[in-house]
Each structure stands twice: as C-alpha cells, then as structure tokens.
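Next, two complexes with subunit A in common: one pairs it with subunit B, the other with subunit C.
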Partner chain A sequence: MNNQSTRFTIFVCIIAVPVVLVIIPIANFFLMSFWKMESNQIVESASFGNYLYFFSSPAYWGTFLSTLYLCLKVSAIGVLVGYPVAYFVWKRKGRVKYLLILLLILPLFMSYIVKIYTMRTILDLSGILNKLLVAFHILEEPSRQFIYNQTAILITMAVIFLPFVILPIFLSLERIPKNLVTASSDLGAGTLTTLRYVILPLSLPGTVSGALFTFVLALGDFVTPQMVGGPNGFTFGRVIWSQFGLAYNWPLGAALAVILFATALMTIIAAGWASQQRKV
Partner chain B sequence: MTLYLDGVSKNYGDVEVLRPISLEVSNGELLTVLGPSGSGKTTILRLIGGFIAPTCGRILLDGKDLSTTHISKRPFNTVFQDYALFPHMTVEQNVGYGLMVKGCPKEKMKQVVNEALDVVGLSDFPGRYPAELSGGQKQRVALARTIVCEPQIVLLDEPLSALDAELRRQMQFFLKSLQRKIGTTFLFVTHDQQEAITISDRLVVINHGGVEQVGTPKEIYYSPKTKFVAGFFGDNNLLDGQLTASGSIETPLGTIPSLQGSNLKTSKVIVAMRPELFRIGKREGAFNIDCQVQNMDFAGDMNFLRLSPKLDSDRTLLVKLSSDPSVPNLDVNGDATISIKLEDIAVLDNPR
Partner chain C sequence: MHKTNTEHLIDVFLGLITAGTFFVLYMPIVVNSIFSLVPSDRNGIHWGEASFEWYWRLLENESVIAAIKTTLIVSVIAVAIAAILAIILAIYVEWEGAVFQRTIELVVYTPFLMPPIITGLSLLMFFDRIGISRGEATIIVGHTALVLAVLYRLVLTRLRAMPHTLVEASADLGATRLQTFRYVVWPQLRPAVITGAVLAMAVSFDETLITVFLAGDTTTIPLRLWGMMRVGFKPEINALVTIVLLVSIIMAVITAIRIKPAEGNEE
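Then we have the complex of A and B:
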C-alpha cells in the first residue's frame, strides 16, 4: 500500500466515526419526521403533516414555548450563580484554586440519576430545604412549593447543570493575562471597575458557552422533569419522550425532536455569531 | 517631584531578590535601572508601581510614604513589557482608559486622547484593535495610554525587548525625544547595556539584588567603580593589579605609573582598559604594551584586533580600531606595540 492510499484509508476511518455515529442517525430521524402513523403502523409517505400538527395545536407549541422560557431561566440562574463562584475561585491562589475548581466540577463524575434523587430529597416536603426554612422561621410549616412543579424542575436543573457554567467561565477567566488586570489597576481602576470593563468583557465567550451548555442540556432533558416535576412539570422533552413510549407515534416524536434540535442549533449559531462580532 | 527609596528590600520567603537599596529619582530625568536578568531590576519597578509591597524600607514621594497607597492611587503609570493593551478595546478606548475610570467627561477625554495619539504618531488609527497593530505601534499605544494620565513618573518595564533591532533603535530615539518633550520623569528598566547608555540621563547598575553603581552613562562607561560594571559594558580588557607604595600599579603586562585622582581603598586593584582607547604604536607618557598579533577582523566600521602580550602570552587583549582603508592590515603573528593614555585607564578596587 503506498503512502497516499494509507493516508486516504486513515482519512476515511476518521470520517466514518462521525458519519456512522452522528450524521446517519440524525438523517434517519429527519426522514422519519416526514412519515406518519396509520393504525399503529409507520407509513413511509412524505408530508409536512407532523410539523403542521405541531404548529396548529397550542398544547404542543405552548409547552414548547414554556420549556424555552424555563431553559432560559435555568441558564440565567446558572450564570448569575456560576459567574461569582468562578470569579471567587479564580481569585484564589495556587493550589487552593485548583482544589476548589476540582471540587466544583466533581459532580460531573457522579451519576445523573443519583443527583436528581439527591435534589428530590432536598426539595421534598420533609427535605433539608424545608427544615432549614422552618428552623429559621422563614416558613411557618413545610411547603410543597419546591417539589413536583415547574419550580422544582428549575431549581434541580440549575443546580445539576451549574458545573457546566462554572467550568467554561473559570477557563475563560484563566485565559485573561494577569497583566491586563494589573494594567487596569495601574491606570487607576478599582476592583469593580476592572471587573466591569476588563474581566467581564474578556470572559464573555466562556460565559456564553456556559449559558449555552446549560440551555441546550436543559432543553433536551426529560428525566429531571419526570422525577421532580410531577403532574405539573410537563416539558417539551417529556412530550417527545412520550411519543416514543405511551403515545407510540415515532414520526411525530421525530418531528418534535427535529424542532428541538433546530432550536438548539440556531441558538448555538446565533451565540457564535454574536461573540464573533466582538474583538476578543 | 522627588521619589526616594529608603532602604527598600524585597524577600520571597528566604530568597532575597532585592537587598536594601536607597535611591533618589529626581524630576524630569530619564533614569535607567540596568542589570542582567534575575538581578532584581524589575522588582524595583514593581515596588515603586505598587504591584508588590517591600519587605523593608519606605518609598517616599516628596517626603510622603507610599507604602500603604494602593496601586490604583499612585501617581505612576506603567508601560508593560508585553504592552498589556486591552484586546477588546480600540486604540482610542485603550488610551482613554485611565481617564474613563476617573470619570473624565467624554468631550475632554476625546481631546486629550487625540493629543496623545498625535504625540506618539498614531492619530490615523484610533479605531483599530490591538491585534491589528504592529509591535512598534502597540508600544506607542501603551505609551500614549500612560501619558494621558499625566503621571509623576512613567515606569517602563523592558518595553523594547520584543522589538527587532532596527525598530528598537527608532523607539529608543523616540522615547528619549518624547520624554524631553513632555518633561515627565521616566524610570526605564532594561537588560540591554547599549540601550541604557543611549537613552539615559542617569543609570543605576544592579546585580544580584544590589546596586553596583549609580551615575551618568559616561561615568558608568569610563569610570566603573566595580569589576561587574567594568565587565558589563563593551568588551573591556581587565587586568589584576597590585598598588605599590609609590602609587604605581604592578600588572602582569608591566608597571603603570602613578595615576592622578585615584582614591583606592585596597591594594589589590583591577585595571580596565577600553578596547577603543588603544592606538597602534608606542607613545610617550602612555602605557605601552608589546604584543604579537593573533588576528584582525574587519567588521565594516571597525577592525577588531586580538593580540597576545609578550609578557603574558596566554592572555588576549582586544583592540577596536575605527576602520580606515588607507591603513594597511597588520600581519598575523607579526609584532605590534599598542598604547593607551594613562588618563584613559580605569583603576578600581578589588576587594576580593
């Protein structure tokens, strides 16, 4: 085998992995979204029926919009909580800094299901949150408002996805040359001024990635709503999931999944385009 | 304005990076701190700038102790080695930053920034980003950014080290003329002897965290006080010598008659002779050395002559002669006598 054909073979092998594992399944899904169900059978005749059905039934796009809103809130909370945490860790020195960041991303190595169960025991009627609130006389008696509703989903997702916000923000803070911070103080800026004009803009790409990670993860999540959402915690992820289960309508499920996929993709592209407009 | 370092030192744990030094910086001068890398020269600048706190001593500005003054409140501004321009801001925003954070009105800021850009010759690029500028242009932006703040002292941390040789010479000239024009005190840190001598009003030579000598470029160059300073500039010819009772100096290359105006403290001395102060041929009233020519290299504006003295043939003396096409080359292995005027010989204490 000569050199060129060896290289060609390697190239094909490298290309084959994403094609087989990513592109083909997505294409398959995309195709299926144009088919339809007739008496519990998938009929392979192409039409926009599933998409038209989605846009004509308020129950579907209503859930879709409220899920988008929920995911926006999850990312917003993630950034509002994650940024100060990442900033605080970044300001530590030497080993303490890396130990702290390791601790913060440690939950990423734990089982997703275990984390949701943990959150459920915290938010439950007899959970730690309620006990603390009662102990500090913030609540008269334990409340059900933290569990089996949209708030429960919001809190759980915000907590579980927090490491995905902290890590990219921390990394983008680490990439800021220390000299720029020194230069800012040297030119007369206080800590807050430096944060506003130098650190925040320069860590914006990491912050956007963190928010995006969270948004996209929350968008597709159907396990969290299932486990902590209860009957009121219906999200678009759960709707899709039910099409492949109880409702047994794979083509409609595929169409809804394509809509979700397209939304996630457009968000990522829009964020990428927005951050390219800045000289960072 | 007078800045006085009063016994300032800096230790990191057990490591003493700067021994206690005392130094006065006076108004409107261009003072250079010169030393090899790791000598503690940048530490001096960082102490003055307030980036680090001294272990001992005080930093006094017009008699007022600055030790507890925060970096952002000191009337000094720094030009960083890597310029430290804000990459997300335009040239105009970078230059105006110091005024912006002090809440200067927009109109006035624009005017001052434009003046500063004019002074550094960058008025054509206010809207560019640092990534779109060359090294020399970034340098000028960094300078403009400090001078708009009207600091009492501009601190420059090896600002030219990232530039190529030609640009470096231009910037040396530019820096000096800028400093004269605005009359602000510049404290310049460099490891480049040539650069230091070229631009400074005064020099502080430091080595191993201590001051070796303070003086004008000419004093430092022609009258070194320590062996380190004598060897640090140019390719000096150094000899060990012994001071005799009569005041003359015994060296391996012969006896140098008594020198005027020398106040030596030790009997062991070092004799330093600059290569460019030698002439070919015996002269009356000069120190004459009989030598054999090792080689002669033509370097354009100079001839580099290496000779071994007859009295100590293992030694090599370097002589620089300005090139003159009418002067014939010396024969390799031929004999030659070189001479240096007694007043051109520097003699210094050798405590070791």
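Then we have the complex of A and C:
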C-alpha cells in the first residue's frame, strides 16, 4: 500500500464515526420529509406534500410564527436582565467576581427537567409566586394566569435560559482591555458615557451571539411547553415532538424538523457572524 | 477614586437586579430541598416532622434504582467512547494535516449547536430505518454524539498549547508512535481529558431532549423524573430531585476547580 492510499484509509476511518453519527441521520430525515403517511404506514414516495401542508395550514405556520416571537421575547428578557447582571459582576474585583460568575452559571449544570418542575411548583395556583403576590396585596386572590399557558412558558424559559445569556456577555466584557476603560475615564467621561461609547459597542457582538444561541435553545425546546404550557401551550418544538408520539406522522415531523433546522442554522450563522465582528 | 452619587445609585440599582437574579435562580432549589425533608399539606408546613423518610423510600423504588443504573452505564460508556474518539480526531486534525479540517469540526460540533430535538429525531429515524430497536445502546450513541463536541474542544485546546517539538524529539530518540503517545502525549492530555470527562458526564446525566427519542422502554433519571412529575407532586420526587441537584453541583464544582488553573496558565 503506498503512502497516499494509507493516508486516505486513515482519513476514511477517522471521519466515518462522525459521519455515521451526524451526517447520515440528518440526510436520512431530510429525505424522509418528502415521504408520507398512508393508513399508519410510511410510504416512500417523493413529494412536497408535507411542506405544502405546513404552508397551507394556519395552525402549523401560526404556531411556528408565535414560537419565533416567544423565543425572541425569551432572548430579549435574557439580554435586558442579563446585561446589567453581567456588567455588575464584571465591575467586582478578584475573588468576588470569580465566585459570583461561577454561582450565576452553576444553574446550567443543574438538571434541566428539575428546573422546569420547580418553576411549575412556583408558578402554580398554590405556588410561592401567588402567595407572595397575595401577601403584598398585588393580587386579591391566587391567579391561574401564570401557569398552563404561553405566559408560563415564557417565564420558565426566561429563567432557565438566563445563565446562557449572562455567560457570553460576561466573557465579552472580560475581553475589553482595561486601559480602554481607564483612558475613557481619564479623558473625563463619566461611568454612563464610558458605558455608552466604549463598553456597550465593544460588548455588543458577544451579547448578540449570546442572545441568538438562547433563541435556538428556546426554539427547539419541547419539555418546557409540555410541562408548564398545559393543553394550550403549544410551541413548534412540541408540535414536532407530538408527530413522533401520539400524532404518529414521522414524515410530517421530519418536514417540520427541516424547517426548524433551517431556522436554527440561519440563527447560528448569524451568531457566528456577530461574534466575528468584535473589535477587541 | 471617589464615586459620584449617580455612580453609587447605578451600583445599588445593578446590585439589586443581580440580587434579584440570584433569588430567581436559586429559590427553586432551596424550596425544593426543604420540601424533600419537611412534610407539607393544605394546613401548612410541618416543620417538626422533618425527616429523611422520603430518601429511604427512594431506595425501595425499583424503577428509580433501574433508572440510576441505566444513567450510570450510559454515561460511563458514552463518555469513554467519546473521549477516545476526541483524542484521535484532535490529534488527526492538529498534527496530521487533516484534509477538510473545518468540515470535520463542523460535523463534530453540530449535535451541540443544533437544538437537541434535531439530533434526537434524526437518530431515531436512522435507527428505525436500519432496524435497530431502541434501548440502552441507542441512548449511548446519542450521548456519544453530544458529548464528543465537549471533549474534542477541551482536548484540542490542550493539544494546541503543547509544543509539537516534544513529539519530534521523542521520534528522534527512536520511540514508536505508540510509545510517543503513551509516554509523551498522554501525560500532557490527561488533565484535559479528565476535566472533559467530568463535564461530559454532567451533560450526559442530565440529557433529556435527545434521550426521550432514543430510550424506547428504557428509562434514565431525567426520564423517570419526568414520568413521576406527570403523575403529581410528591415528596419522593423532591427527594430524588435534591439528590440529582447535589450530584450535578458537585460535578460542576469539580469542573470549575479544574478549569480555573488551566485558564490562568493560558493567559
């Protein structure tokens, strides 16, 4: 065996595993999205039927659009809360700073399903949120408006995905050279001016990519809507998931997943582009 | 340096938002741990009757024990396979002048970047097509695909920090490739692989969105918890939840301690 064919053999062996694990399954479900279901059997006939069905039924693309809007809100809340928090922690010094950021990202390691469950117990009719609101006389009596609806999904996602926004913002703040901030204040700029003209523009790329990744996470989630959304809390992810459960229509599920895949891919590319725009 | 009044106000304001965030992120965990120890009902919380009773009951619950076993088996095997693959891929990409290097990396990172539902359903349909029925083995494959990205990233970073002259010196001194790996490369990679393995195990323990597609009748801890939660609220759930949280916190702290000095060296 000559050297070149040995190299080629090694290449094929090494690339084989990722290809089998990732590329072939994805290609397979792209293919399956053109098939269809007939009397509970998957029929291998190529057509755009599933896609046409998606675009012609308002229930499906309506859910898709409302899910995009929901994920946008989750990301927006993440940035609005996460940025001030990341900024505050970044301003601390030494050990306190390290400890605080560690504690803020620690929840990322905690069981996902458990976080959703505890959010459900808090938002529930007899939960702590209602107890607090009644105790402070904001509500007259416990309300069902925080649980088993779209609001519940929004609140839960916003809370469990928050660390995913805080971390990239904090890291992009850390990357800003301290002398730029010092120079700004030496030239007479106040905290707010420095924030507005130095820190915000320099940390913007990291913030945007953090927000976009959170968007993707929220987009594909189907456990949160299932657990806190109740019967009306449908999101696009949950609709796809149901095609593999009770609804049992794999080809349609595959077509919907292709749409999700394309949306996530565009978002990730945008996030990658945003993070390359960093100026420091 | 003296701060102005406005700056103080801003600091206080930001501090309050941060405190609020901590409250929101940690209150659920605290509340949960308390209710796993102290019984409560409509009449309120019975502080006097706190006990570990629910923890003992968990030990008698066979489905929970089975789920714990599966979770451990899956994570150990998946992490071991992924670690070996990650080392081979990283060495190949970094040193052997891989063709299509970017493409290989993109493929490795895909399961981590894409929503888990994509990885889950694509593997489900793939296994179905080639006639493999769902069970522990399919979960292991799914988890391997997911944690490979984590391990690959950490191993590659370590490999890049290691001077290639070490390997050349070893070869010059007559060592075979295997000896070079065993005595030169592996000792350098080991810390990164261990950190990656702990991190990957934490990810695997918690994985829900891919696992649910690949599990069939098998259950892991997150799936078992999800099942229990559908039925209702019980102190038993809280007890299991508290154990799961404790384990994940311990693993996170180990990772944090191991990663911190490494970051310090790179700077």
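To be clear about the criterion, the second predicted complex is superposed on the first by the 251 of 280 C-alpha atoms of A that agree within 3 Å, B and C clash if a C-alpha of one lies under 4 Å from a C-alpha of the other, contacts with A are read in each partner's own complex, and residues count from 1 in each chain.
Note that in this section a residue touches a chain if its C-beta (ideal position, glycine included) is under 8 Å from a C-beta of that chain, and two chains touch if they have at least 3 such contacts.
Because the structure is a prediction, the values reported are computed rather than measured.
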item: Subunit B versus subunit C as contact partner of A:Asp221, first or second or both or neither; value: second
item: Contacts of A:Leu106 with subunit B and subunit C, given as first, second, both or neither; value: second
item: First (subunit B), second (subunit C), both or neither touched by A:Trp61; value: neither
item: Subunit B versus subunit C as contact partner of A:Tyr51, first or second or both or neither; value: neither
item: Contacts of A:Gly190 with subunit B and subunit C, given as first, second, both or neither; value: both
item: Superposition-derived comparison: subunit B or subunit C, residues of subunit A touched; value: C
item: Partner chain(s) touched by A:Val22 [first = subunit B, second = subunit C, both, neither]; value: second
item: Subunit B versus subunit C as contact partner of A:Thr118, first or second or both or neither; value: second
item: Where subunit A meets both subunit C and subunit B, residue numbers; value: 190
item: Subunit A - residues contacting subunit C, complex; value: 10-11, 14-15, 17-19, 21-26, 28-29, 32, 81, 84-85, 87-89, 91, 98, 100, 102-104, 106-115, 117-122, 128, 159, 162-163, 166, 190-192, 216-217, 219-223, 227, 237, 240-241, 244, 250, 253-254, 257, 260-261, 264-265, 268
item: Subunit A to subunit B touching residues, read off their complex; value: 177, 179-180, 182-190, 193, 197-198, 201-202, 278-280
item: Subunit B residues touching subunit A - in the complex, by the definition given at the top; value: 49, 51, 70-73, 76-78, 80, 82, 84, 86-88, 97-98, 100-102, 129, 131, 145-146, 149
item: Subunit A partner contacts - residues on subunit C that touch it in the complex; value: 4, 6-7, 10-11, 14-15, 17-18, 21-22, 24-29, 31-32, 85, 88-89, 92, 96, 98-100, 104, 107-108, 110-111, 113-119, 121-126, 129, 141, 144-145, 148, 202, 205-206, 208-209, 212-213, 222, 225-226, 229, 233, 237, 241, 244-245, 248-249, 251-252, 255-256, 260
